[in-house]
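In what follows, a single structure is set out as structure tokens and then discussed.
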């Protein structure tokens, strides 16, 4: 029943998301010895003003 | 202090969300023997290109 | 594909969790007009030293 | 490696988010005795129809 | 800055977790065209009484 | 209604968690111009085998 939640910056293409869901599901099923059918993937997209690293907003990074 | 987080596909009406918050809060309070006042509900809506099941993107499902 | 995540204090019985999963799934499916089969529930239990309300640790509440 | 995730109502300014990321990172690093570099902050904004308190939708609160 | 959060049943070995972190990081970096250094993985283990599928507690599944 | 969720390595003291809840609530309320009463903090502790950075398990870091 693994649930995989990915939070990432906005702006990836549908093709990237499709491959991400496909590959992360396949690899997780293989490693965890579970069926692909039991795996769910959720993607949360956040804009650059909605995340920070080391105290710096994504928007302010170079 | 239960916090209930629901991730679901975009497109539900305000009426559905209102009932969801109301009913999930009432039932959780009853079952967990806590006050409704202590329960918070958060809804995260994701588009069909942002979730997958069994390795297939929501967008590609029939 | 709704995923329901509940964070709550430790110490509920298996019977409470069983009813919580059953009732929240049934009510969410009814309100969201989706199948119960598509709903997943995840419960995260935290001890009283791992949550706070209004700036006060659960452990310190009366 | 602390990851801090904040879910809050939409509508804060970039300046508020910048200060939030900066201050929460600095204070967490200080209290947890870890480096600011290791701390990541993620902000999830939800509209007033996507959260509820005590069974009441944010939209319906006065 | 992708953050990958996996919720799964308890009981996997350290070897499985090590491979999961390694492979999911590598594949996500490749697909999302980002550096492995920017990816963080968090694993939440839940016991069989703390998740449900289709309204049935994991503990009660056959 | 901000909800702050912190995922961090196991092993912090109650005193550290108490200060973390207190300070993060106070600072968030100040910056977001909301009441401390409306802020909830949840702490998720994970062991070193349950997180990874740059593809390396916390357990394997030096």
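Here the chain labels run A, B, C, D, E and F in written order, and each chain numbers its own residues starting at 1.
Convention: a residue touches a chain if its C-beta (ideal position, glycine included) is under 8 Å from a C-beta of that chain, and two chains touch if they have at least 3 such contacts.
Computed from a predicted model, the values in this text were never measured in an experiment.
Traced through touching neighbours, the fewest hops from chain A to chain F number 2. Superposition on CA atoms relates chain C and chain F by a rotation of 120 degrees, given as a multiple of 5. Separating the centre of chain D from that of chain F, both taken as means of CA atoms, is a distance of 11 Å.
With centres taken as mean Cα positions, chain E sits 20 Å from chain C.
Mean C-alpha position of chain A lies 23 Å from that of chain C. In chain B, the residues that touch at least two other chains are 1, 3, 5, 7, 40, 42, 44, 51, 53.
Listed by label, the pairs of touching chains are A-B, A-C, A-D, A-E, B-C, B-D, B-F, C-E, C-F, D-E, D-F, E-F. Across the complex, chain B is touched by residues 1-9, 12, 16, 19-20, 23-24, 27-28, 31-33, 51, 53, 58 of chain C.
The touching residues of chain B, counted against chain D in their complex, run 5, 14, 17-18, 21-22, 25-26, 36-45. Interface residues of chain F facing chain B in the complex, by the touch rule stated above, are 1, 3, 40, 42.
For chain B in complex with chain A, the touching residues are 7, 44, 46, 49-57, 59-60.
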